[in-house]
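Each in structure tokens, the structures are laid out below.
Two complexes follow with chain A in common, the first pairing it with chain B and the second with chain C.
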Partner chain A sequence: MSLTIEIEQGDIHVTITLSGDVDTKTAPELLSKLTALELHALEQLRLDLQAVEFVSSAGLRAIVFAKQKMPHESALYLIGASEQIVDTINKTGLAQAVRIVSSVDDI
Partner chain B sequence: MEIERIDNTPTETIEGYRVRPGKPLPFGVSSVPGGLNFSVYTSAGTACTLVLFSRSEEQPLAEIRVPDHYRIGDVYSIVVYDLDYEDLEYGFRIDGPYEPELGNRFDKNKILMDPYARIISGRDEWGADPDWDRAYQYRSRVAFDDFDWEGDSPLEINDADLVIYELHVRSFTKNENSGVKFKGTYAGIVEKIPYLKSLGVNAVELMPVFEFDEFENSRVHPDTGEKLYNYWGYSTVAFFAPKAGFAASGKIGMQMDEFKQLVKKLHKEGIEVILDVVFNHTAEGNERGPSISFKGLDNRIYYMLTPEGYYFNFSGTGNTLNCNNPVVRNLVLDCLRYWASEYHIDGFRFDLASILGRDPWGAPLSNPPLLESLAFDPILSSCKLIAEAWDAGGLYQVGTFPAYGRWSEWNGKYRDTARRYLKGDDGQLGEMAQRVQGSPDLYQANGRSPATSINFITCHDGFTLADLVSFNGKHNEANGENNCDGGDDNHSWNCGAEGWTEDRDITRLRTRQSMNAIGILLTSRGTPMLLMGDEFGRSQHGNNNAYCIDSPVSWVDWSLMDSNRTLFEFTRSLIRFRQNHKCLRINRFDHEGSRYLPSCSFHGTNAWEVNWSAESKQLGWLMSCDDEETGHMDAVYVASNVAHYATWFNLPQLPDSYQWKLYYNTGNLESAYYENPANYDEQGILVGERSMIIFAASPRET
Partner chain C sequence: MAGQDLGSIEAPASMENWDRMNDFVSNLITESVRDKAKSYKLRLASEELISNIIRAAGEVKDSENREVSLRVAARTEEQDGRLWFVVETKDDGRHFDPQFGSRKPVDTEQHISEREIGGLGLFLIEQSVDKVSYDWIDGYNTYRLCLEIVADAKQP
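Let's look at the complex of A and B:
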């Protein structure tokens, strides 16, 4: 399954809307899109995962990588992640790197 | 401007991959700018090929024959550039002579796992049938070190203050009634941390978590048709990798993160993590076993071999790792350093540790280099090192294990004595008195301390506590070995009926005996260890060796929490009592006691007098110290009666400014422990049949 990545620049934030699966094959695309952002100066990153069913370890590591490059006081929101994805994030200790919300209105 | 280092550029292209000579250290795979450094040792191998796979593909991506000039000494190393780390699996082919009689078993047709692999795929989901046709079963992968520890570090709790809880990762939460979402996994234990916290234990000892294969020697029970596994996992495949099948996220290869999360969460709640590690043998078995890694890398180095090239079997499981060979010794050291630093592990318990003190021909060494190296290692210096101080080859070293002032021991003599004493055997008082005070007969003369002794009455090996008081003999039919496996020296007593019974007198006696066992354990000096579920009467239906059982028989049944509430509350309360009374945790044999009382004294039915004769069944112990924080004396008196009749005990007198308070009485199951202990002003007390009573001194209210 392929992955489409849409990037939208807001005033203080960037929204990345993903659709498809973030698996071993597609995660490098996400990582290269993320690294192309000005991460070190980004206050807020919103990853919309409503149309994503599966995120592999490579995908999760790409997300953690982005947060590590962002400023300390910045926020990385995961929007509409499935229960399975949220479970994985909690189990593997990535939860403290991200803020999990069900919709963009919760930000 | 960033300067490109000349020693980090590819020098040639092999099989389409840009490569250069690697660095021999560290062994295994490590990341270098733009590439991965692979390094593997073989002393008798004559050629090395690095085999690369795309994740879970059957056929290799490439086979890169490591050029001979890339070898330094006995180490082949190579840097390969432009690899997809996430997708990569790798192994080695080593060529060399096949001469079993000389100890060499090279076979270039086999793909071997990296012995330093930090993450393994191939057994990602517990119990999922493997594809045995695959040439390469346990596949080395590349590990990532991006976990956020949030400032965590090992807890370094004093040995004498520990209360250890031994558990099997899967058994602990696999049962439907465990109440957790991720049953049978590391994440499942995280969900049970509030429970562990409420019980009051401050260390968990995890049965093996190094990658093992539950399908090793798996079989079907001839009568029941039930599948039998290598369930406990005392048979290591990969020493540096956490077992994927124990991780709820193992399917996506995130077992490292999940295990680290477990350690971090336990540490946050003040609970240490001790790993049960198995270095005495590996999963490769004997000459009939598979070549997974060591056998094909350098059989003669890694295993103890007979002059004919067969495997010595001091472990009882097929082979014996050659731990006092310097190369193997370094592997063990590297492994433990890795777990201590990468996973923040607080301590290690060494399975059949006496093997680690044998020379390459099996003879016990007086000054074993491996044990010494571990004892004085700078990275392991605050790790607990706990020996199972015996092996399957007949070496029994409880009290004589080469300790270098660092090693503590599973005290098998404590277990045996406490069991015999509990069931009222003749002639046990003298030895019980030694065990209660931290076994000075074993540990004082060589300058060791009470916490050298890991005290336990039950552990994974043998009966659970509930079974210890319900069965006279083992009932291991479910293991499919005609009840021939498992120990016969259980020192158990069924209290009047073998196994399950409705007889209320018997079930009450069993509860009382369980409380007595926990009472003795938690009022002894040394470090107590409990087995998971014993605090609420977990049973394995008389199976004393459930090493192969993956079923509700071996899983903790959490519904027992309700049916055996009294036992649970008693245990929980007594753990707190132990933590509140320093005098029970004194870690010196030369401690002088408090201003009023000796450090540890023994009593009989009359205070200060013990009837040490063989028929005597009553023993009291009084422990005391001064508590600098409160300025008061701390004293605990335990009166234990293992006779089948009630007995009057005269209490040791306290100075006028103190009085006894009665905390526990196992003779009174309706209220075996007192939330608000009352002052006890009588001169003596009637201790019921097979019962114990525990008092503590408190300053007299004026």
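Let's look at the complex of A and C:
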């Protein structure tokens, strides 16, 4: 399955809206988009996962990469992740590094 | 629902065949596994396993200039009154024992700034299925993933 990536720049945050699967084949594209951002200076990154059906370890590595590049006090939000994706994030201990919210209204 | 052979696919272990391999397994999972959470876990474990094999095969191609073949098969098995969905893979890449059950675990408590990227795939395989095994048989890496599923007919 493919992945579409839309990026929206806000005042203090960047929103990346994903649609499809973030897997071994598509994660490099996400990684490339993340690398192009000035993560070291980003206060807040929002990943909208409402239209994402599947995230494998390749996708998780991209998320880890982003958080590691961001300032220590920054926030990385995962918006609307499915129950299965949240379960995977919890299992791997990555929930400590991100903020999981149901919708953008919760930010 | 008794056990049944759901089919197999064999092709060179390369990214060109990644979609075919994963689609083969995920379609069978969708058809056979009613429970959404179990379906996702099986798909995740299978994707991680196939991706690892293909990645390793790429290294063999680069260093030994030979193509690795990969066979992926799926079946349901009935054991002790329980029904299992089983994914089996067989490849002739380099001998690699993932040491399921005895490998150094991923430190899920470690701070994100210190997290290493490696090992997540194998960790997710172990965490996603009920039983996982590895054997080196006659020059083939052989993996078997098993997840217990509910033995009722899937609604059309």
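As a convention for this text, the second predicted complex is superposed on the first by the 107 of 107 C-alpha atoms of A that agree within 3 Å, B and C clash if a C-alpha of one lies under 4 Å from a C-alpha of the other, contacts with A are read in each partner's own complex, and residues count from 1 in each chain.
One rule holds for everything that comes next: contacts are C-beta pairs under 8 Å (C-beta built on N, C-alpha and C of every residue); 3 or more make two chains touch, one makes a residue touch a chain.
These numbers were taken from a predicted model, which means no experiment stands behind them.
A.B. asks: For the combined arrangement obtained by superposing on chain A, do chain B and chain C clash, or do they fit?
C.D. replies: clash
A.B. asks: After lining up the shared chain so the two structures overlap, which partner does A:Glu83 touch, if you call chain B first and chain C second: first, second, both or neither?
C.D. replies: Second partner only, chain C.
A.B. asks: For A:Pro28, is the partner it touches chain B (first), chain C (second), both, or none of the two (neither)?
C.D. replies: first
A.B. asks: If we overlay the two complexes on their shared chain A, which of chain B and chain C does A:Thr92 touch? Say first, second, both or neither.
C.D. replies: A:Thr92: touches chain B and chain C.
A.B. asks: In the overlay, answer first, second, both or neither for which of chain B and chain C A:His72 touches.
C.D. replies: In the superposed model, A:His72 contacts chain C only, not chain B.
A.B. asks: According to the stated criteria, A:Val101 is in contact with first (chain B), second (chain C), both, or neither; which is it?
C.D. replies: In the superposition, A:Val101 touches no partner, neither chain B nor chain C.
A.B. asks: I'd like to check the shared interface: which positions of chain A are touched by both chain B and chain C across the two complexes?
C.D. replies: In chain A, residues 24-25, 56-58, 60-61, 64-65, 68, 87-88, 91-94, 96-97 are touched by chain B and also by chain C.
A.B. asks: Residues of chain A touching chain C in their complex?
C.D. replies: 23-25, 54, 56-58, 60-61, 64-65, 67-68, 72, 83-84, 87-88, 91-94, 96-97
A.B. asks: Touching chain B in the complex: which residues of chain A?
C.D. replies: 24-25, 27-28, 56-58, 60-61, 64-65, 68, 87-88, 90-94, 96-97
A.B. asks: In their complex, what parts of chain C are in touch with chain A?
C.D. replies: Residues 15, 18-19, 22, 36-37, 40-41, 43-44, 47-48, 51, 54-55, 106-113, 115, 117, 120-121, 123-124, 127.
A.B. asks: Within their complex, state which residues of chain B touch chain A.
C.D. replies: 55, 84, 86-87, 144, 146-148, 150, 181-182, 185-187, 190, 247-249, 252-254, 257-258, 260-261, 264
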